[in-house]
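Read through the structures below before going on.
Common to both upcoming complexes is chain A, partnered first by chain B, then by chain C.
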Partner chain A sequence: MNLRPAIRLASVAFGLATLLSAALPAGAADSADPAADAKAFQNYFTTKFPKLKLADFVNGPYSLNEDMHRQWVEKEEFPPYEFSLEMGKEMFAKPFKNGKGYADCFDNGGIGVRQNYPYFDEKEGKVITLELALNRCREANGEAPLSYMKDEMAALTAYMAFTSRGKPFDIKIPNDPRALAAFENGKQYFYTRRGQLNFSCASCHVQNPGQRMRAEILAPALGILNAMPIYRSEWGGMGTISRRFTSCNSQTRGVPLEPQSDEYRDLEYYLSYVSNGLPISGPGARP
Partner chain B sequence: MKMIPRRMPIFALAVALVLLGATSTSLLAAASEADFNAAYAEAEAANKQAGALRDQWTTTAAALANAKKAAEAGNFDAAVAEAKEAEALAKASVFQATQEKDAWKAEVIR
Partner chain C sequence: MASTIRVRATATGDTTEVQALIQHPMDSGFVKDAKGNLIPPHFIQQLAFECDGKTVFLADWGTAVSKDPYIKFSFKGGNKGDDLKISWVDNKGASDTTTAKIQ
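On to the complex of A and B.
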């Protein structure tokens, strides 16, 4: 029997397997199917909360509790994010020192585009979030970057989200193994326990949504980013997605990563993709 | 039968006490700056390892800061104790991160 073809075939198979395992995080290869992940993710929450419509999940804890829902309806008459929204609108319209503006950096002049962020940039090979794109726009036009956590960044993203309200999240994963790896990295981050309290994001937002943690009702992970940025009573002000991620890490007694680190960008990519089809509702308000 | 002198037990007790005293003195000897530096370096190394695994704990950082503060105040006993606490926490975070490299998969919604 001639073994040479068999050996050659085995070598090619081994080579392909090595390449795939290098591109994806450990253990991801067994489930690298984002569409199936998103379907399972949405099924999990709609089964857990059968009375809710899919779009209701973007309202977080306010959809899970009748009393809170009533409070929220009243709150929306004079929403606490209103000042930030106004500030964001003014900032967005004000030209940079070089005469250009934010509108020059985004498709459709930056209006109604929130649902497309984050996206995977195939040139750079990385995930680009809206917050990152805004700061890159500033820097490209000779302006200093803003803090990723609150105030001006929250105001700008609030305005851009507001112009996109009702548009469903439309996050794409291009046919690029690096994009798939970014999605899988985000998934891994979401489910990995960390901090002295040994919590993952999923511990609260998958396993316990609707339950109380001290005075708070935990939000479901489905649709959790659709309402960003948010005015949070606990913060006494506005906060961005970066603020949400870093404060969650701190609450588990973990040292947060730097805002817009690769891990957080991948996490945002994963969480946004699995909420595809749910409408943008930001800016939002939370307890 | 030869009688044991009555003084003997008292003498033995005295020797025992002296020995015990000497031992406990050496056990409870005040920690030195060198002890602190060694303990702090161990804790920092473990925390650096946790950092490489992207899983440092805030409590480790707090214990390291407390250790440094105590050392600056010249309280090396407390400084060494805090540094050892920091090292234990850092090692626990390294264990967690190592464990989670695979354990996270069990929590994925399927």
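On to the complex of A and C.
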């Protein structure tokens, strides 16, 4: 075997690797400015929809269409998430078998803290979402974790969001390169095209909010998580952020990730951060 | 378990407007579950609203009504503080009743 091509190939590969490793951190440092990203993101939407106030975005498609807005006003009088909210309140108050409760796992007894989630845990080096924190709370107290998608998890997060209504999203990115990397990773996930339809999250929720996708009016990405969890008439029930992410992925005919996988946690981190300052409006109702 | 019925009734002038939300699966009997088995029909057959012992609204429902139905109507009469009794019976014989005060 002639060694020379092999060596040449190896040196090319090595050269590429050094190039990449040299280019990446520099590139990341250039682009990673979350505060500027959030500002640009919010500006994009307020310019696209000049009539709307920033806080209006938390009501998603209901703010974009007059007809739907009237429906929404009527719906909010008797919201379909009421049953879930009540269930969440009962679940939250009911102690675990060991006598402790959800309130023991959260600041301020879990009341009015929704706007601080997800946060970056510097010990673990990862993003912690509210849904994850709830299941960890259960497991730490010897209870089985809940499904991330609906029912009980939706009820609990509905109650926690309800007690935080009106409080602006307050997501912090600590001075930790891993936190910045999580934000960037979430951003990349958001703008990457995938699935057989070759859609990114942004194709619908940045490029085309307010447009119809069949009978649905696409929601703007700005403020989309403020209303979570939601009662969707289409689902005939409640759904969590995990359900929203996985169903978006499968609707573009992609393969959804596991709920609360690192990518989804980073995505939630990114999306929540760019909606900083917008009030929590969850639980919400959507067509 | 908490009541499956939510109701709000407001009297304005000589009419009372009633809104109600009922928690019920309203299975049509034509839907299959994840394993491919038919989910048997399970739906509210009769829904009644009574004000002071008088029926003001009676509905015979079938499978075409959606899950967790919402209903809104108004009727002549009814004063603030009157009792409004709401009850439903489904095809499996289950039922629920609640009484609300007209506001």
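One rule holds for everything that comes next: the second predicted complex is superposed on the first by the 257 of 287 C-alpha atoms of A that agree within 3 Å, B and C clash if a C-alpha of one lies under 4 Å from a C-alpha of the other, contacts with A are read in each partner's own complex, and residues count from 1 in each chain.
Note that in this section a contact is a pair of C-beta atoms (placed from the backbone, for glycine too) under 8 Å apart; a residue touches a chain by one contact, two chains touch by 3 or more.
Note that the coordinates shown come from a computational prediction; the quantities given were computed from them, not determined experimentally.
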First (chain B), second (chain C), both or neither touched by A:83: second
First, second, both or neither for A:41, with chain B first and chain C second: first
Touched partner set for A:236, first chain B, second chain C, both or neither: second
Which of chain B and chain C A:272 touches, first, second, both or neither: neither
Chain B versus chain C as contact partner of A:246, first or second or both or neither: neither
Which superposed partner A:260 touches (first chain B, second chain C, both, neither): neither
Touching partner for A:115 - first (chain B), second (chain C), both, neither: neither
Chain A: partner with more touched residues, chain B or chain C: B
Chain B versus chain C as contact partner of A:195, first or second or both or neither: first
Chain C to chain A touching residues, read off their complex: 2, 6, 8, 19, 21, 23, 66-68, 70
Chain B - residues contacting chain A, complex: 54-59, 61, 89, 92-93, 96-97, 100-105, 107-110
Touching residues on chain A, where the partner in the complex is chain C: 77-78, 80, 82-83, 86-87, 90, 236-237
Residue ranges of chain A in contact with chain B within the complex: 26-27, 30-31, 37, 40-41, 44, 187-188, 191-196, 198, 200, 202, 206-207, 250, 253-255, 257, 263
